[in-house]
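So that you can tell them apart, the chains are marked A, B, C, D, E and F in the order they are listed, and the count of residues begins at 1 in each.
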Amino acid sequence: MKVITLGEIMLRLSTPGFDRFIQVDSFDACYGGGEANVAVSCANYGHDAYFVSKLPKHEIGQAALNALRRYGVHTDYITRGGDRVGIYYLETGASMRPSKVIYDRAHSSIAEAEPEDFDFDAIMEGADWFHWSGITPAISDKAAELTRLACEAAKRHGVTVSVDLNFRKKLWTSDKAQSIMRPLMKYVDVCIGNEEDAELCLGFKPDSDVEGGNTDAEGYKGIFKAMMKEFGFKYVVSTLRESFSATHNGWKGMIYNGSDFYVSKRYDINPIIDRVGGGDSFSGGLIHGLLTMPSQEEALEFAVAASALKQTVPGDFNMMSADEVKALAGGAANGRVQR
Amino acid sequence: MKVITLGEIMLRLSTPGFDRFIQVDSFDACYGGGEANVAVSCANYGHDAYFVSKLPKHEIGQAALNALRRYGVHTDYITRGGDRVGIYYLETGASMRPSKVIYDRAHSSIAEAEPEDFDFDAIMEGADWFHWSGITPAISDKAAELTRLACEAAKRHGVTVSVDLNFRKKLWTSDKAQSIMRPLMKYVDVCIGNEEDAELCLGFKPDSDVEGGNTDAEGYKGIFKAMMKEFGFKYVVSTLRESFSATHNGWKGMIYNGSDFYVSKRYDINPIIDRVGGGDSFSGGLIHGLLTMPSQEEALEFAVAASALKQTVPGDFNMMSADEVKALAGGAANGRVQR
Amino acid sequence: MKVITLGEIMLRLSTPGFDRFIQVDSFDACYGGGEANVAVSCANYGHDAYFVSKLPKHEIGQAALNALRRYGVHTDYITRGGDRVGIYYLETGASMRPSKVIYDRAHSSIAEAEPEDFDFDAIMEGADWFHWSGITPAISDKAAELTRLACEAAKRHGVTVSVDLNFRKKLWTSDKAQSIMRPLMKYVDVCIGNEEDAELCLGFKPDSDVEGGNTDAEGYKGIFKAMMKEFGFKYVVSTLRESFSATHNGWKGMIYNGSDFYVSKRYDINPIIDRVGGGDSFSGGLIHGLLTMPSQEEALEFAVAASALKQTVPGDFNMMSADEVKALAGGAANGRVQR
Amino acid sequence: MKVITLGEIMLRLSTPGFDRFIQVDSFDACYGGGEANVAVSCANYGHDAYFVSKLPKHEIGQAALNALRRYGVHTDYITRGGDRVGIYYLETGASMRPSKVIYDRAHSSIAEAEPEDFDFDAIMEGADWFHWSGITPAISDKAAELTRLACEAAKRHGVTVSVDLNFRKKLWTSDKAQSIMRPLMKYVDVCIGNEEDAELCLGFKPDSDVEGGNTDAEGYKGIFKAMMKEFGFKYVVSTLRESFSATHNGWKGMIYNGSDFYVSKRYDINPIIDRVGGGDSFSGGLIHGLLTMPSQEEALEFAVAASALKQTVPGDFNMMSADEVKALAGGAANGRVQR
Amino acid sequence: MKVITLGEIMLRLSTPGFDRFIQVDSFDACYGGGEANVAVSCANYGHDAYFVSKLPKHEIGQAALNALRRYGVHTDYITRGGDRVGIYYLETGASMRPSKVIYDRAHSSIAEAEPEDFDFDAIMEGADWFHWSGITPAISDKAAELTRLACEAAKRHGVTVSVDLNFRKKLWTSDKAQSIMRPLMKYVDVCIGNEEDAELCLGFKPDSDVEGGNTDAEGYKGIFKAMMKEFGFKYVVSTLRESFSATHNGWKGMIYNGSDFYVSKRYDINPIIDRVGGGDSFSGGLIHGLLTMPSQEEALEFAVAASALKQTVPGDFNMMSADEVKALAGGAANGRVQR
Amino acid sequence: MKVITLGEIMLRLSTPGFDRFIQVDSFDACYGGGEANVAVSCANYGHDAYFVSKLPKHEIGQAALNALRRYGVHTDYITRGGDRVGIYYLETGASMRPSKVIYDRAHSSIAEAEPEDFDFDAIMEGADWFHWSGITPAISDKAAELTRLACEAAKRHGVTVSVDLNFRKKLWTSDKAQSIMRPLMKYVDVCIGNEEDAELCLGFKPDSDVEGGNTDAEGYKGIFKAMMKEFGFKYVVSTLRESFSATHNGWKGMIYNGSDFYVSKRYDINPIIDRVGGGDSFSGGLIHGLLTMPSQEEALEFAVAASALKQTVPGDFNMMSADEVKALAGGAANGRVQR
């Protein structure tokens, strides 16, 4: 099916192994970003995934585009121009030492893109799903405007719209976020976000202490109901992460379709190899699940298994096939060698 | 002592770190294979270990031979010729993501070797031990014939023979395996293999669910007795692996000499660095133990400690000295720095 | 503040990843050594840290000096001359396989330095703290003499003196150690060392089995009191390590000021990335704590948090800022990504 | 324009730097092969390039496919199935030490592909150019049959056909080559090949000693005329390499359209970074030139500049844009930094 | 002596070996920039070199600062703040393929620094030399203002001022450059720049075709005289590069003190390892020469030898000691191993 | 044939690529040393080569031994014990920047070995050739004594003895060298050494300026005659190196059998990949040539070709087969790819 995502793809510069930023004389380089990661997941599952963005004409822009192409994402809707590819630096933590991200993404091509860079009606024509995250409108006012235009076009073409709220405090304040995000919710069918996102992006007061790693599924139910009531979502969904350390997390998810709550199996991820992109692979798995599976339960289990697996692989992108995800969702978690 | 092993040594191409096959632009390269790994273990423990195989004359064949030579294995009985070194690709898993092996070993020099490539009487002359695994006869009909000839020569020269059943479903079916393996058991003194191997290679019905990671030593006893009764082995031995995840296993072993069962200490291997070759290092340790130690208990404890240590080291080969193995078997498991 | 440390900085040659010495064809190279590591910690916390040593004039000597300079340590008191930079080879263990260190440090420039290589009065002029460890006098008789001269000068200038007892059996016997160390204790204000060190360097009989990983804080109290009584220390301090495996330790500390014992929070370090330098980062944190914080409790918590974090980073040096250490000491141990 | 190529894409395993095969414990890995390389060149120049082949379903097959996709080659006509990806090992020479290639390509998926794996009429529909090389029919009799079928379909659809004769003595004899290649020449419009190829694939006796590095353009004219006369080609083309050492070559080309001979500028390539794929990048440049430029002179200059540049870049693929090639063909050979 | 330089230090991300930007999945990382490079050269020669700039407080900023500190540059005058470290991407060419630089330096901390970030009177107090290049004022209008303020302070304190004209067309036009640079020339004592720089920064018409690699020293004399006449420089100096290819250059220099022209020895650099920073190492060598040597001839020979050697070392910084430079300037160019 | 060499094998730590010592954070590690290198050459050519030395029992000693074993050298006569493996640090030059070696070899196991560590009669029993170099007696007085004992045993057993004079100024003075070396010459049959060695080790005054790279074969003849006259050698041999730069040398050799002088073909080595071990590979080739070829001319051509090839390969050891050397000696110097 035709799946559209809109956002930024950045150059990720990560230190080798567990080295700190100030130790290294090389960086591992890959490309990633919330919506690009979702597009790769969907391509892996066999969909015609299109990533919509803008990239400079120079070779670093080309390399970002090639990264998408390599994993089967269609790049027809990527406009070329502007000055720079946004960057994020990543240092991978261990035990009680947290991973660190330094963003250097201001003034990227997509942050300074204009509405005329994209023909959203052509893009949404024949599409089945459109996904974006709260990062895209947070990049810049121009990008917020693009998001609105894309949502409108999606609705004109009858495309299902999902959002991953994904609040980023380095990009905007909660007040700014709410002023932009709340009006966009009317276009959204599937809303993904944890309590913290719900509070900071949409103004819903959390019931429990998420910061402390306390992720009681029960405590989410009130917010889910309130969100659905106010915005009329078809589904409200969240991952539930227990942070024991930088390399050991518990991981599960919850979905609500307005009548039933379903909490998935819980995975103990130990060691985590790379947790960046975990949420994006959840969104990608959920889109695949809701597009192709008969129940919200199956869709959620697929999404949770997909995102647990992502966190065992380096890089932003989820390198898993649908068969591999299904094997885990079906119970094959003992890690025996596949010969 | 003179220890002979017969089999294939392959080029192993593994992805760096935890990368997946489709991410990498380099492979770590080493050489390994069940019986070659056993030979290296025996050389490490001070034996005159000889590996019997066939390798091409080109440099990749030479590099495989050099890998053995580097670790002290005698290569006098390696015939040069044929077209290719078999390959296996390895991707190392983590947490719930399993390791993956892709074999590309058909048409290797040893798979197409002829009886006249080897003078088994010269090879077995003066030997103390001959070890092979179920992989060797599974490679090809020609290799199965070589295995038979080697076993016959071993018996002619009074050499103790051990086998690691090691069923590989990519190489043959259970029916084919049984048709080849059962007639070879009459040459065998020491039979190593878990329940699954016993069923698929020899047709013994397992008592418990090994696939699920459930390795109840108790459940093995019946099969061990039956195996010994039918084939007259001196020892039946098995490792008992609990697979919690790709990077966390429990590990112990069991041995039976026809009168007593002995179950070893259990090791909690977490993290596993490289589990490939774990079984081979067990066989190597067992051979050393049975050749040099007064009791099956000591031999088994040495074998289990050796193979637990192997799984903390990258590569197929076990890089442990007898002293290091003995230190662990003797209780030094706290991992304090050796300065 | 001006902090002085005296000792050796070595070239550290460590095998990549978890490879064993006999597998590798490259070494990761960095520079480190007990007192140099302490100097780097202090520089990270904003102090004017000076490392006192001797290094050859050639480029390996220069590289060692540059490593200190890179992390902000003043190198004004490093004399250039002599023949070699001491080396230690490091192999990193995993699970039940211990890390291994091979020392090749005899005949280094500092081991053969003469008193006239240093003007200790100039060095101690205006200094606030002088730290050394039991390794320095163990290197050679000449280095022991330098240690004594430095301690005397420190006392002349009213500098607080700390020692990390740090017994190394490859460098000297317990008898030799006691003959050198006991007379030096009269210069010491803060004595850091576990039970084993206290026994081997100073002759205090331990109460509990530290070798077995049993580190009962209660059992240390008697020794702490006896040490303080005999030598008149202001503080006696120790780390308490529980060694579960090479990659999993428990970690806490205890301090005693003559009236109160305080045991810190306990950290579960799993996985350990690099435990070398753990004790040094503890000393560095303690110096910073005692120099700048109002209570021994805060100083100890800072020291323990600092040294727990060190063990999550490759290399001898502690790459942590005071803010990062305080965040952990303040409770932020869940390892959530810092964006 | 739509450009089709048919052939094999292999996994290339090359030793790092100038290491020999027997020294290394890693291989640089990329994917390449004559016709795949041509497809990448054409994609770089903006054409819709399609590579036709067969690859296994496993991840190594997928990685080969992804390599093409990454650089913009369409993979719609790649059939999935069969057992293995062919391999070639590469050791890069220097000075008087030649580079070495060890092939391990027998039994690859494309070597064992069947006619029904491809719908050549669909493939050639709307195509502008079809390119193959003498390697494709040399792989196996099945692949030779596929080549014939592809040529026939190309002719049915009015597609221009080019061949790079590319004799490989490890794959077939000259007699076998002539028996297969000569009948295929009737489909060919543009024939690329040096004297040696012309002799060994087609039976034309060379006039000069090419093996000795003596590549006198004058001496080629007789053969070019004879080839055109016998087979009715539109163009006969050859590169002219002077081999001074493994890292220093002279490089130019010659083209003949039946009336005029044209010899290109000569480039002095020193150092050569990677000469593998030099001929393929020449073919790719020539196809682009003949498709888009007004004269054979311009087409040849583009092809020669493209292939000179290729030899300054690691890997099989030519990583050059049309603008970069044109800059060199236009005279910008002084290598000043492009800022 | 106290040497001051003012400018930007960037993160340099270069592709390994000769790989192109679109091939790589890692970057070698170091830090560099015109005036930082000059500071490192001066520190290598034993001067108290201070680099004046602004860097963000985050770890990438710290790493840039540490790079300077490692090589002995004083960082007391580096202000911390602002958003980003400028970046440049580097791809190293070979033979006829040129190296490529992509700049991503807009909005760096120094580009947005304010006059109050620096106390130029304190900086210039006691200084012997102040060096800047045409890149600094080209970064931004704010940086141009800083340059002017620094020059004024230098003159107030009687500091010798040198400039490397260094026109960069990606940063400004020739018109803009002239409007900024010409008024600054009144502060300058030593002007370094080739004909192209002299034309584009100062408006002097060149006599010969420098772009074509034609660097006839004779042709420079007229411009040198005119420059000195107009601006009253004490010295006008230029490097003279012959660009044969990306990896082979000729290299010499010329100096004029108002009465005598002197042309240095010529070096044939083949292969060039890294030509970035060649001009900066020339400036650094020249400053050292003019500060410490009796004649302009010796100063120039030192500068040319220093910069020839720089081009044989990876990275922006010149890693040469004064002794090594003198050895080459003295004639030791045969490259025999120094044991 | 049985070939014996006596000397030291060191750990070689070289910087990657063209990096300088002070830039790196890793070292490439291999093992080598004059006589070990000769042993590897002889093993490559099919001889039973034995290296006689002493190595510590620890893993670095084992790794050195394994390096020899890997390339087929017999290690039966290597005694284990002592404290350290000698080290040399290597930085590879380019163009006019020379390579640099820093030795850290004092106090190695072989330098402190005792006569009773070796049974030279057993070693020389049945041997055909014994080779040593001037480095061995220069290491220490003990090693000089070992050299004498080995020479005496060789003579007792009728073994041909060759020496490579190889003067090293860091190890001894010319006076010391002459006092040790001259008395040893009576055991020598084949003397290898250039003019500089002849002067510094044996006291023969050179006729030409070798230091300046001037290696006129004619000028050697007088010294060769004088050497043969005084010491009664069967052959006097020398390499003749023209040093144009660190990466470009001319290379040839000269031999004299008392009646005829023969000067070999000259090779232009450009680029040199690694010149360390060039002389040793010459000695190895010469031994093979004199042992197996009918004339001194053929032996010399083999030796020169072998050593030219060595300089195109990284590492101390010569990785060439006899066939590869013969191909070059036979004229195949154009570097065309061997497929």
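What we mean here is this: a contact is a pair of C-beta atoms (placed from the backbone, for glycine too) under 8 Å apart; a residue touches a chain by one contact, two chains touch by 3 or more.
This one's a predicted model, so the numbers in the text were calculated from it and none came from an experiment.
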Interface with more contacting C-beta pairs, comparing A-B to B-F: A-B
Longest centre-to-centre distance from chain A, chain (CA-based): F
Intercentroid distance (Cα basis), chain F paired with chain A, Å: 62
Chain centre separation in whole Å, for chain E relative to chain C (CA means): 42
Rounded Å distance between chain B and chain D, as computed from the means of their C-alpha atoms: 44
Overlap residues in chain C, where contacts from two or more other chains coincide: 17, 20, 22, 25, 66, 71, 100, 271
Chain C-facing residues of chain F, complex: 13, 20-22, 24-30, 58-60, 62-63, 66, 83-85, 87, 89, 91, 100, 102, 104, 106-107
In the complex with chain C, residue positions of chain A that touch it: 17-20, 22-23, 93-101, 103, 168-170, 211-213, 243-248, 271, 275-276
Footprint of chain D on chain A - complex, ascending: 66-67, 69-72
Residues of chain A touching chain B in the complex: 17, 71, 267-273, 308-309, 311-315, 319, 328, 332-339
